[in-house]
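The following pair of complexes shares a single chain, chain A, combined with chain B in the former and chain C in the latter.
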Partner chain A sequence: MVVTILEIILTIFLAGIIGLFFLGLSRKVMARMHWRYGPPITQPLIDIIKLFNQTNISHGVLFNFGIIFSLAGSIVVLLFIPLGKICPLSSSGGLLVILYLMLIGPLGLALSAGEASNPNASIGISRKFLLAMSYEIPLLLILLTVMTHYKTISIVEIVNTQLQTGWSFKYLPLIFSGIAYILILPAILGVRPFEMVQAPQEISSGPLAEYSGKYLALVTIQHAFNVFIGISLFTNLFLGGAENPGYLFLKMLGVFIIILLVNAVFPRFRIEQAIGYLWKLPTLLAFIGLIVVLVT
Partner chain B sequence: MNLEILLGIAFGGAFLTYLLGKISSKLRNGFAVLNALALVVVTTFFYGHNIEKLIQFSFLDLPFILRMNMVSWFFAITIVGIGLLSILYSLKYMENEKNLNYYYFTILFINASMLGTVICGDLVSFFIFWEIMSWSTYLLISYKGGDKALFAGMKYIIMAIIGSMAMLLGIISLYVSFGTLEISSLAIQIQSASQNYILFILIMFSIAFIIINAFWPFHSWLPDAHAEAVTPFSSILSAVLVRKGMYGLYLFMYMILGLNILNKLKFGFISFNGILCWIGAITIIFAALTALLQNDTKRILAWSTVGQGGYMILGVAFATTFGMAGGTFHILNHCIYIALLFFVAGAIEYRTGGVRDLNSLGGLIKKMPITFTGGIIGICGLIGLPLTNGFVSKWLIYKTLIIENHPFLAFFAFLGTWGTILYGYKFIHNIFLGQLPGKYKDIKEVPFSMQLPIIILSIMVILFGILPGIPLKMINVVDTYLGFKSLNITLGGIASESGILNTINIFMAITVIFIIIWVITKKSGKTVKVDQYDTYAAGAAIPEDKYQYTVNFYNPFYRMVKPYLKDFIDEFYIRVALSIKNLANGIRQIYTGDVGYYVMYIILFLALLIFVQLNWKPW
Partner chain C sequence: MDRNKIGKWLKSPGKMGQKYSLHALYFCTGCGIIEIPPTITARWDAERFGVIPVATPRQANLFLITGYVSVKTLRYIIRSYEQMPEPKFTVGFGSCPINGGMYWDSYNTIKHLDKYIPIDGWIAGCMPRPEAVFIAVTHLWTLIDKGMANGYKKYRDNYQYYRKNQEQVLGKLEWPPLFSIKN
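For the complex of A and B:
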C-alpha cells in the first residue's frame, strides 16, 4: 500500500517535470529556429508559480470545477501508463480504461470553458471535438491493431513482451500502424499544423480565452501532462517502453524533437483540411495494419 | 405472493385510475402514484423466485400460463421502476394538459401490458400482451393530436404491425409443428427440429423484435415517435418499451432455443449471431452520426436510444459470459440514464414553454442547477465515462469484442462513443452553457416532484458506476439462469482471470487527486466573480443578447458529412408508403358508385371469359 502510494507520487512528479521540461524546451527550440534567443527552459514552471499568486476571474462553479476535474482525469491516466517499470494502477483495467479516462481531460476543459460564455471558447471547443473525432478514427484502429496483435488489453504486458522480442515498430504488421501513429501524433498533441483549437492569432486561444491566474496555471499543468501522456503512450506501445524512467525519457525526447520540427515548419490547417488529412493517409495505413494483423 | 395479483394490480389499477379521474383529479393522481408504487413493491418480492403457474382460463384449448424467473424479473423491475418515476414526473408536467384521465389510464395500461409480456409463460398470451402494448403505444404517441403526431403514430403502428404479423406467422407455425405454445415445453421439443425450420422461426420472431428495438434498418419510427410523444412517456418508450425487443431476443434465443442450437446455426462463416452483431455495429455508427446533426433535444436522445441498442445487441449476440453480462448490464444502464435525460429535456420544456430547439437555449446552468446536474450525469453515463454505470457495461462489451478477435466491431463501437461525446457535449453546451438569453432571465428550477426522479436516477448512475458489483450480482444471476457461466464479481467490478476491472481504485484515485488540487487552488490566489457579458473578445465588443453561440455548433463537420448521411432507409419507406397510397387511390377510382359502371364491369368480365374460352378452351 505504502509502496503504491510512493509510486503514485513519483509518477505524477516525474511526469510533471518531464512535461514542463518539454514545454520549456519547445519554446527554446522554436526560438532558436526563428533566430531568437528564447526564454529559459524553466519558464513554464516560473509562470505557473507566478500565476498561482495572481488574482483571477471566475464564471461560475462549473468553470472552477470543470478544470480541476479535467486535471484530475489527466493525472489518473498517468497512473495507468507504465513509466519504466512503475505502473501503480496496472491491474485496474488496462488500455480500454486508458482510452476512456483520456476523455475526461478534454471533456472537463470543454465543460469548464463552456460556462465562460465566450464565443471564442465555443468555437475552440467545437474545433477540439471535431479534431479529436477525426484523429480518434486512426488512433482506435492503431490501438485495436496493437491489442489484437499482442492478444491482451494490458499495456504492461505489451511493454513486457516488447522487452523480450524488441520494439513493435520493427515487425511487419505493426509498422503500418506505427507510421500512422507518427502521422497523427501532432494532432493528438495539438501542435501545428493542428493548432486550430487554440489558434492564438485567430480566436484568442480558443477555450483558454477566459482563464487567468490559478486556473490558467491548472490549464498549463494539464497541457504538460497531456504532452507527456501523448508521447509516452506512443513510446510504450511502439518503441518498446523502457526498463527505467531515464531510458524512457530519452526515447520520448527523441519523439518530441521530431514533433517540434514539424511544428516549426508548418502553417496552420483549417479544421476541414485537418479532418480531410486525418481521414485519408493515416486512416488508410492504420486500416491496412489492422487487416494485416487479422490475416497473419 | 401470486403472479395473478401482480397482473391484477397492474390492469385493475389502470381502469380504476380512469374511473377515479371522473370523480376528482387529485384522487386520480394520488391513486396512480400509489398503484405504480405498489407494483414496484410487489415486483421486488419476486426476486430470485422461479414460478410457473397454469391458470384455468383457456382460449382455443390453449392454457394461460404465468411464469416468473430471473430474466422476467430483471425486465419487470425496470418496467415498474421507470413507470413509477414517470408517473411521479407527470403529476406536475402534465398538470395543464387536457384528457388527463385518458393519459394516466393509457400510461398505466402500457405498463401493465409490458409487465404482461415479460411474465407470461405461453406464446399466445405473449402475443396478446404484445399487441395491447403496440396499440396503446400508438394511442399515446398520437396523444397530442395534429398532423405530425398522427403521422408519427401511423409510422410506428405500421412497422409494429409488420413485426407482429411476422411473429404471428412464427407462432402459428410453431403450434402446427409442435401442438403446444408453452414456452417451457417448446424449449424441450424444439431441440429436435431441423436447422432450416429453426432459422425460419428465428427470423420471423427477430423481425418483430428488431423493429421494436429500432435497430437499423427499422429505426425510422423511433425519432418521430419521440419527437411527438409527451416527455414522461418518451422516457418509458425509450428506457423500457423499446427494450421489450431485447426481452424477446432473450426469450427466443436463450430461453427457448438455447446456446447449443444457436452455435450450430452457421453457414460457412456467416452465422445468425454474426449478422446480429453487424446490424448492431451499423446501428451504432449511423445513429451516432445522425444524432450529431440534430437540433432538437428529444430527437438527439431518440437517436441515442437507437445507437445504444447497438451496444446491447453486440454484447448479447456474442453469447459469451462477458458479452452477456455486458449486454444485460447495458440494458439496465441505458434504461436509467436515458430516462434521466428525457426527464431533463422535459424539465427544460416545462420551464421554457415547450422549447426543444437547441439553437435557442443556453446558459440555463445558473437557473436550473439540479436539472443541470442530472443532465451532466446522464450524459456522462451515456458516453460511458469512468465512474458512471455506462462505463462498466461498455468495458465488458469491448472486452468481449477484443477477446473474441473482432477488432472491426470494436472499432465501430468505440467510434460510436466518440459520436456520443460530440452530441452529448452539444446537448449540455447548447442547453446549459454559453450565454443565457435575456428572455430566460427569470426562469426557476422545476418543482420538487419533477426533481425527485432526476435526483434518484442520477444517484443510481453514479452508484452503479462506482460500485458495479451491486447490479452485476443480480445480472450474474440472470445470466446463469440463461445457461452462462458465472462471473467472478467483486464490489468494484470484475476479477475473472481474463480481465480485471476495479472501479473503486479509479474512484479513489480521481477523488483523492481532485481534493488535493481543489485544496491547492482554494488556498492560492484571489478569485473575482464576473458576469456573463464580461468576457474577453480581443478588443471587439460583444453585443448583449445578439449572439447565440450554440447555432451550428459542428458546422464544418456538418458540411463535410451531410451529403453522405441521408436517411435512405426512411426515404425508401416513405416512398413505398406513398406509392401504395397512390395505388390504393387508383383502385378506388373503379368504385364510382354508379350502377351503370358496375354493369359495364360485369359485361366486360363476361366478355373476357368468353374470349378466353373461345380462344384456348380451358374449361
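For the complex of A and C:
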C-alpha cells in the first residue's frame, strides 16, 4: 500500500519533470534551428513560477473545475503507463482504460474554456475535438492491432514480451502500426503541422485565450503530462519500453527530437487538411497493420 | 543577469519569475510594427531574455505600446491594460506616446499616454532601433529588483485620476470602473 502511494507520487513527479524538460527542449531546439540562441532550458519552469505569483482571473465555477478535471484525467492516464519498472496501477485496466481516459484531458479543457465564453476559445475547442476525432480512429486501430498481436491488454506484459523478443517496431507484424503511430504523434502532442488548436496568430491561442495566473500554469503542467503520455505510450508499445526510467527517458528523447524536427520544418495545416491527412495515410497504414496481424 | 543564481530564486521566487518571464503584449498602433518582428525573431532573439510575444492580454505581463496613440486606439489600450493580470509593466515605445512627437498638434491623437494608463518606462526615438527594446528590458529588470516598477499599484491607488482623464477624452466609458472610486 505504502509502496503503491510512493510509486504514484514518484511517477507524477518524474513525468512532470520530463514533460517540462521536453517543453523547454522544444523551445531551445526550435531557437537553434532558427539560428537564435534561445531561452534557457528551464524557461517553462520560470514561466510557471511567475504564473503562480500573478493575480488569478477566474470566469466561474466550471472554469476552475474543468482545469482540475483535465489535470486529474491526465494524471490518471499517467499511472497506467509503465515508467520502467514503476507502474502503480499496472494490474488493473491496461490499454482499454487508457483508450477511455485519453479523451478526458481535452474534455476538461473544453469544459473550462467554454465557461470563459470567448469566441476564439469556442473555435479552438471545436478544432480540438475535430482533431481528437481524427487521430482517435488511427489510434484505436493501432492499439487494437497491438492488443491482437500480443493477445493481452496489459502494457506491462507487452513490455516484458518485447524485452525477450526485441522491439516490435523492427519486425513485420507491427511495423505498419508503428509507422502509423509516428505519423499521428504530432497530432496527439499538438505540435506544428497540427498546431491549429492553439494557433496564436489566427485565433489568439484558442482555448487558452482567457487563462491567466495559476490557471494557465495548471494548463501548462497538463500539457507537459500530455506530451509525456503521447511519447511514452509509443516508446512502451513499439520501442520495447525499458527496465529503468533513465533508459526510457533516453528513448523518449530520441522520439521527441524527431517530432521536433517535423515541428520546425512544417507550417500549420488547416483543420480540414489535418482531418484529410489523418484519415488517409495513417488510417490506411494502421488498417493494413491490423489485417497483417490477423492473417499471420 | 542573475538568472542562474539559485539563492535568489529561493529568496524571492515571485520577483525573479516576473523578471525572467516577461510575456509581452505588443500594441502596435501605427509605426513600430516593423521593429517588433526583428526583435522577436532570428536577428535579435528576444526569447533568450525570456521575452516572448503572447496573443492575449490575459497571459501578458509586459505591455509595449509602439507609436502614436489615436483616440480610438486609446479605448482598446485601456481595455487591454485592465484585462492584464497584476503585476503588469508598461513600456511606451517611440516619442509619440511620450509627448505627441510629430503628431503634437493633431486633433485625433493623445499627447501624454501616462495621463491615461501608468507607464513604467519610456523608449525615446522616432523610431528607436530594436536593440532599444533590450535596453528597456534590462532597465525594467533593475526597476523590478528595486521595487520601482509599480505602475499597476499607482493605477490602483490613483484610479479616480486616470478614470477622469479617460472620460475626458473618450466621453462616457461603456465598462464599469475596475476599482471602486473613492469620493
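Quick note on the criterion: the second predicted complex is superposed on the first by the 296 of 296 C-alpha atoms of A that agree within 3 Å, B and C clash if a C-alpha of one lies under 4 Å from a C-alpha of the other, contacts with A are read in each partner's own complex, and residues count from 1 in each chain.
Heads up, the rule we're going with is that a residue touches a chain if its C-beta (ideal position, glycine included) is under 8 Å from a C-beta of that chain, and two chains touch if they have at least 3 such contacts.
Keep in mind that this is a model prediction, so the values were computed, not measured.
By the document's definition of touching, of the two partners only chain B reaches A:I271; chain C does not. Once chain A of one complex is fitted onto chain A of the other, the partner contacts of A:I46 are limited to chain C, with no touch recorded for chain B. By the document's definition of touching, of the two partners only chain B reaches A:G73; chain C does not. Applying the stated contact rule after C-alpha superposition, one finds that A:L237 touches neither chain B nor chain C. In the superposed model, B is the one of chain B and chain C that contacts more residues of chain A. Contact with chain C, but none with chain B, is seen for A:H34 once the two complexes are overlaid on the shared chain. In the superposition on chain A, A:V255 makes contact with neither chain B nor chain C. In the overlay built on the shared chain, the residue A:K214 is in contact with chain B alone; chain C does not reach it.
Contacts of A:L111 after superposition on the shared chain: chain B is touched, whereas chain C is not. Residues 51-57, 204, 209-210, 213 of chain A are contacted both by chain B in one complex and by chain C in the other. Listed in rising order, the residues of chain C touching chain A in the complex are 3-4, 9, 13-14, 16-18, 20-21, 23, 41-42, 45, 47-48, 50, 52-56, 58-59, 61, 83-87.
Listing the residues of chain A that touch chain B in their complex gives 8, 51-60, 62, 64-65, 68-69, 71-73, 75-76, 79, 89, 91-94, 96-97, 99-101, 103-104, 107, 110-111, 114-120, 122, 125-127, 129-130, 132-133, 136-137, 140-141, 144-145, 147-148, 153, 204, 209-210, 213-215, 218, 270-272, 275-276, 290, 293-294.
Listed in rising order, the residues of chain B touching chain A in the complex are 363, 365-366, 376, 383-386, 391, 394-395, 398-399, 402, 405, 407-408, 410-411, 414-415, 418-419, 421-422, 425, 428-429, 433-436, 493, 499-502, 505-506, 509-510, 513-514, 517-518, 521, 524-530, 532, 534-538, 542, 547, 549-550, 553-557, 559-560.
Residues 27, 31, 34-40, 43, 46-47, 49-57, 200-201, 204-205, 208-213, 216 of chain A are the ones touching chain C in the complex.
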